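We just call them A, B, C, D, E, F, G and H in the order they show up, numbering each chain from 1.
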Amino acid sequence: MPEVIFGLGKSAGHVVAIAERLLAREGNVLITRATPAMAERVVAELPDAEYFPVSGAIRFWRNRVKTGKGKIAVVCAGTSDISVAEEAQVTAEVMGNEVEAIHDVGVAGIHRLLASSERLAQARVVIVCAGMEGALPSVVGGMVSVPVIAVPTSVGYGASFHGLAALLGMLNSCASNVTVVNIDNGFGAGYVASLINRL
Amino acid sequence: MPEVIFGLGKSAGHVVAIAERLLAREGNVLITRATPAMAERVVAELPDAEYFPVSGAIRFWRNRVKTGKGKIAVVCAGTSDISVAEEAQVTAEVMGNEVEAIHDVGVAGIHRLLASSERLAQARVVIVCAGMEGALPSVVGGMVSVPVIAVPTSVGYGASFHGLAALLGMLNSCASNVTVVNIDNGFGAGYVASLINRL
Amino acid sequence: MPEVIFGLGKSAGHVVAIAERLLAREGNVLITRATPAMAERVVAELPDAEYFPVSGAIRFWRNRVKTGKGKIAVVCAGTSDISVAEEAQVTAEVMGNEVEAIHDVGVAGIHRLLASSERLAQARVVIVCAGMEGALPSVVGGMVSVPVIAVPTSVGYGASFHGLAALLGMLNSCASNVTVVNIDNGFGAGYVASLINRL
Amino acid sequence: MPEVIFGLGKSAGHVVAIAERLLAREGNVLITRATPAMAERVVAELPDAEYFPVSGAIRFWRNRVKTGKGKIAVVCAGTSDISVAEEAQVTAEVMGNEVEAIHDVGVAGIHRLLASSERLAQARVVIVCAGMEGALPSVVGGMVSVPVIAVPTSVGYGASFHGLAALLGMLNSCASNVTVVNIDNGFGAGYVASLINRL
Amino acid sequence: MPEVIFGLGKSAGHVVAIAERLLAREGNVLITRATPAMAERVVAELPDAEYFPVSGAIRFWRNRVKTGKGKIAVVCAGTSDISVAEEAQVTAEVMGNEVEAIHDVGVAGIHRLLASSERLAQARVVIVCAGMEGALPSVVGGMVSVPVIAVPTSVGYGASFHGLAALLGMLNSCASNVTVVNIDNGFGAGYVASLINRL
Amino acid sequence: MPEVIFGLGKSAGHVVAIAERLLAREGNVLITRATPAMAERVVAELPDAEYFPVSGAIRFWRNRVKTGKGKIAVVCAGTSDISVAEEAQVTAEVMGNEVEAIHDVGVAGIHRLLASSERLAQARVVIVCAGMEGALPSVVGGMVSVPVIAVPTSVGYGASFHGLAALLGMLNSCASNVTVVNIDNGFGAGYVASLINRL
Amino acid sequence: MPEVIFGLGKSAGHVVAIAERLLAREGNVLITRATPAMAERVVAELPDAEYFPVSGAIRFWRNRVKTGKGKIAVVCAGTSDISVAEEAQVTAEVMGNEVEAIHDVGVAGIHRLLASSERLAQARVVIVCAGMEGALPSVVGGMVSVPVIAVPTSVGYGASFHGLAALLGMLNSCASNVTVVNIDNGFGAGYVASLINRL
Amino acid sequence: MPEVIFGLGKSAGHVVAIAERLLAREGNVLITRATPAMAERVVAELPDAEYFPVSGAIRFWRNRVKTGKGKIAVVCAGTSDISVAEEAQVTAEVMGNEVEAIHDVGVAGIHRLLASSERLAQARVVIVCAGMEGALPSVVGGMVSVPVIAVPTSVGYGASFHGLAALLGMLNSCASNVTVVNIDNGFGAGYVASLINRL
């Protein structure tokens, strides 16, 4: 298991200090929700830092043993959801998994999603990130027979209420193989998917 | 246009009286949300009443001129949504339209929906009724290039909050051709679809 | 159909790149929710761009064939709602429609609205944008017998809850010919109205 | 001022006992929200009781001095709102006012409301009861230059959320002369209107 | 009646232009919710402007005829509520009323409020502004027998939800003489109080 | 400490069985939220049961040692709040406290509350139960310098939203000595007050 | 996979008919949310029906092959949560899993939970059902390193808002191995746990 | 009792002026929610100011008499909750109490909390600050038999809704000795704990 630092609300100096301490004893360290300024400092002060600017993740990936027994698919509905999908992917990879990224397959263009069904079918666990109406996990859930972890994103405006619409939609999914994590919680989805993929 | 009586909260006697008065001067009359007791009395006292027990609609359909220029498709996600779909269909028919009913094509079984794509393609307007996560209108919206009227239903439990989850989902649809009516408002959907189909 | 780029949250460079690619193959392109900085760059780099600063829309309108069979009326309640009404109008025009703009006819001055009844009566579809209590679609809905698309706007303060009050009001409209789109979704209203006006 | 007993949740026996005690010393007594069973017992045991079954009000109106200096108009949108309007009227009358009842003038049929403008113009205070979208107070507010007291009613279904939609609409009224009371609080509206009409 | 310009969201130039036009034909003009920059420009360009920086109101008060028949009391709970109380007072004054300002009499120090009871008793209408729990209107309502207009303010944090707690509290007031306006709507309260005080 | 059985949702037989078992080894047992049928059976089958029908509490009070060092005042706003106040009082008594009950002192009649100030002043802890706007704890909090435990009750209608208005009001109290328990949780208030009074 | 019939809202006759048809071709069938009357009829008409009255589940368990590779622990907080836990257990069993039931280990008695840590440690997946504050999944999540599926239950009153408090709590869990299903959705939890346990 | 200035929304100059006046006559003064700029000015202009930058508290602690009869424990779940815990501690100390700070003992690492049980057991009152799911007060409540004051913090994202999830969780605590204050209200918790500890 990597050590994880939740960057949101911490100072850059504090994050560097924690990361330094953890890196002294751990193989892998993951920082989530880093601001650009924080990332700049981390990258400047610590070797091996991979920075993912879309999601704000920073990864120290020293131990690259594959512990996952199969692939994890990370699916997202629109290009705006990629930040959350990236956090899920970075997490799953640093936890020892091979990830199949399937982006921009929103339900209003169902044929794009159907065209990905073979890639979906090869996954042992599927993570689905979607904002707005949050419909994608239900459709994906019906296409596969493995666990689907749904991540509502805060993408949208007006009556999306910062991800609430997508969250409620996913909790009410008519597909029985769907469970849900908090809004924008790509990390949590990647983490649980990794636990499942180790089994 | 038929005359319409909203039955909810009215007494059976009151509904019979209004219906009698309207029938004296109109061709078609529609009663919505009738209770079984109300329906029994209406059917007993007024000739020509067609009672639809699933939705509680009662129809007096004397003038059967077709004013709609094409078909209206009425699609629903699950068998529990049929009561709302039936209200939409009964309304659209009494307003002079041919209706194509496509039931039980929820998004978790996407192939059933895709198998209906030809029937969908023949419609000039599509009504989509769905509860729970309310994802169906977005998928249907992407399959057709005509207006889609989405009706959230109160089907569901827990975090569906009596149809709120479906309502929010539909308002945030990523398909641009979707508009929304109130929860369980099959009548309104049938009415607007009829106005569109006359054009 | 024009190609549409949803500008919100995208970088100016990204938007220019997408627009360039689309313009190479399409007649018409519409960018919505552009920031002033994004608009400045688009206008500087791409010929033919019409920028609408009130709504943030940018339009490339090369193919001006009228496909709408009648007029679309775009009605708004107050001057603060014009940004949303403009987005609806720009969309409907680029999709081949003639638009009749009827602004500043809020329900608290009912005679201004009534004075517009002839212009309203000539429309085949009506779009109504209103914030605060969102009452205008119900009144307009009673004045016309064509479909009315209601757009709640986020105009207001306090218990308007960023457009929620208007949204709920419109969903509960006592006029049967009203359907609703998301808060501030002028684009969606213009899009659906265009689909209807083609029929 | 009459003495007032809020009947909701009290036993019939308790209400009779309180009423008996108050009638021994007061001219006028008003009971609100009586159930039919409670009303039957009150009428059986106490002389002079006037029972209003639509609203559940019971009135003992012994002192009929007019203290109001003008008329109070009580306006309602639909027939389902009459229960609340009746409570307002009964209250205003027992507090010494002449009431002008203007029913069934919902905003979707604006000409019916406009036809009442002369009667409205004669009122010193106007009470407006409306459910669903709650738009009527804004329109009435624009037609008169006296205080308007808006009463949201719980009439509606789905996204009316038991009167919440109407309440929010009224609080956001674009007419400056509107204030609001609790959902279904016809009594409060009648009470405040009476205080104003005494001035 | 003064002409009123709602400043929120308008540009300074636009406000100056409207004010200029109105001042050419009206005695009194009121601008509400002006930003400091807007106020600076208005004061610089238009003579007679009185600027109230706490509430953002700007007043042109040329016709000072008293049309109110008595005093209006404007009461507020804490010093943070004064911005809303000031808007109410400025409005009531420019509409021809004498105002009695009673500030900082929150319910947790009930003796300060009781010490104001004589001043309260002289008012024909009372406006009460309060944030947080919004309890003050109920207490004041019990101390006077005239209409009380309650203004919830957005003062508070956490579970005040930007004034929602105070709003709900006021709508549920156990004092029968209380009506409510929108959160922070000092203008509306001053306006309605003025209408009442003219009677 | 007494043993406590939360009766809501349990069968009468189950409650009798648990009570029997506890009474075999404990001095005092308290059953809360008993239905009338459950109470009837408990009273019939178990000796010493005191039944409090207003709150649904049943008490077995065998060990009557006073462990509280002073009085606990239990204050309530209206007669409808007495059920919750009774639950608090029964709990505090069975936990060894002397209770001073001060009922029907709602804030709209502030002089009744002020008349109780001496009785309030003698309490070491104060419990305040109020529904509707929930204003009473703030006023009481300002009158005493001891801890105040506020209990919102579900008394009210419309925008009280089953006690939510009172709950939010109490959480936002401007009196610093107020803490809050769940809606209608008289038991919890009595329990914590007893813990405090033992100190 | 068993076939599943969601009983809520269906008629007993309809359920019997579906079950009969499914039993003709499937090994295992599960009916959820059966009412007592529905259960009575199913048990009377169909052989092999096991009825679980606490949860309303009915099971036809003919094919008892174990497909799960380890144990699934089903944990619940209080006795009132057992109905949901039972639905999860019945589902997991009929899908071929061995279930370890750990009941009544709410967080306010942390030592009871800790005493179960060895049983927890043997599970490959853990389901945790809790109402009220929904805290149990976070504590359990910290005790195990396998996936935890949290089921909020509607147990509680007042500010539990029918399970909303527990749902929000679980979505915000500080344990990274927790995912969430809909309120009272024991079936969904059992289903996903079974999918995971097959891996 | 110290005098308290709520800094939020006040100008630095105003705060200095109030503090100066209070310091002339009081022993102790506490300023809460000071911004860094405000703190800088207060520290520069007034002697003896202790500034606590994490919480924004400023303390003038001249009279250091211990009035509390025992210790107050201030417990917090994560490092992000320390700002609220610090406000509670600073308040309790300036009110004459010895404080035992127990930080970073969130429920997902239950052994860290259990390791603090002796320190907890020595407290006469316990304050527990937690964001996210707000589970900590329930666990702590079960470990001690003294009053627990729960402070929900706004720490979290997505479905924490700025502390609402933690607030609801704490109000529904299954531990009977828990009462709750407003979100982030460390001051209120410290204040009430001090009142209790004086008894």
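We adopt the following convention: a contact is a pair of C-beta atoms (placed from the backbone, for glycine too) under 8 Å apart; a residue touches a chain by one contact, two chains touch by 3 or more.
Quick caveat, the model's predicted, so the values are computed rather than measured.
Among the remaining chains, the Cα-based centre furthest from that of subunit E is the centre of G.
One finds 56 Å separating the Cα centroids of subunit C and subunit F. Each chain gets a centre from the mean of its Cα atoms; for subunit B and subunit E, those two points are 48 Å apart. Work out the mean CA point of subunit D and of subunit E, and you get 27 Å between them. The set of subunit G residues that touch two or more partner chains comprises 158-160, 164, 167, 171-172, 182-183. The full set of touching chain pairs reads A-B, A-C, A-G, A-H, B-C, B-D, B-G, C-D, C-E, D-E, D-F, E-F, E-H, F-G, F-H, G-H. The residues of subunit C lying in touch with subunit D in their complex are 77-78, 106-110, 114, 132-135, 138-139, 141-143, 156, 158-161, 164-166, 168-175. Those residues of subunit C whose C-beta lies close enough to touch subunit B in the complex are 1, 4, 69, 124, 145-147, 149, 167, 171-172, 176-183, 187-189, 191-192, 195-197, 199.
Subunit E makes touch with subunit C in their complex at residues 8-9, 152, 154, 162-164, 167, 182-185. The part of subunit H that touches subunit A in the complex is made up of residues 80, 155, 157-160.
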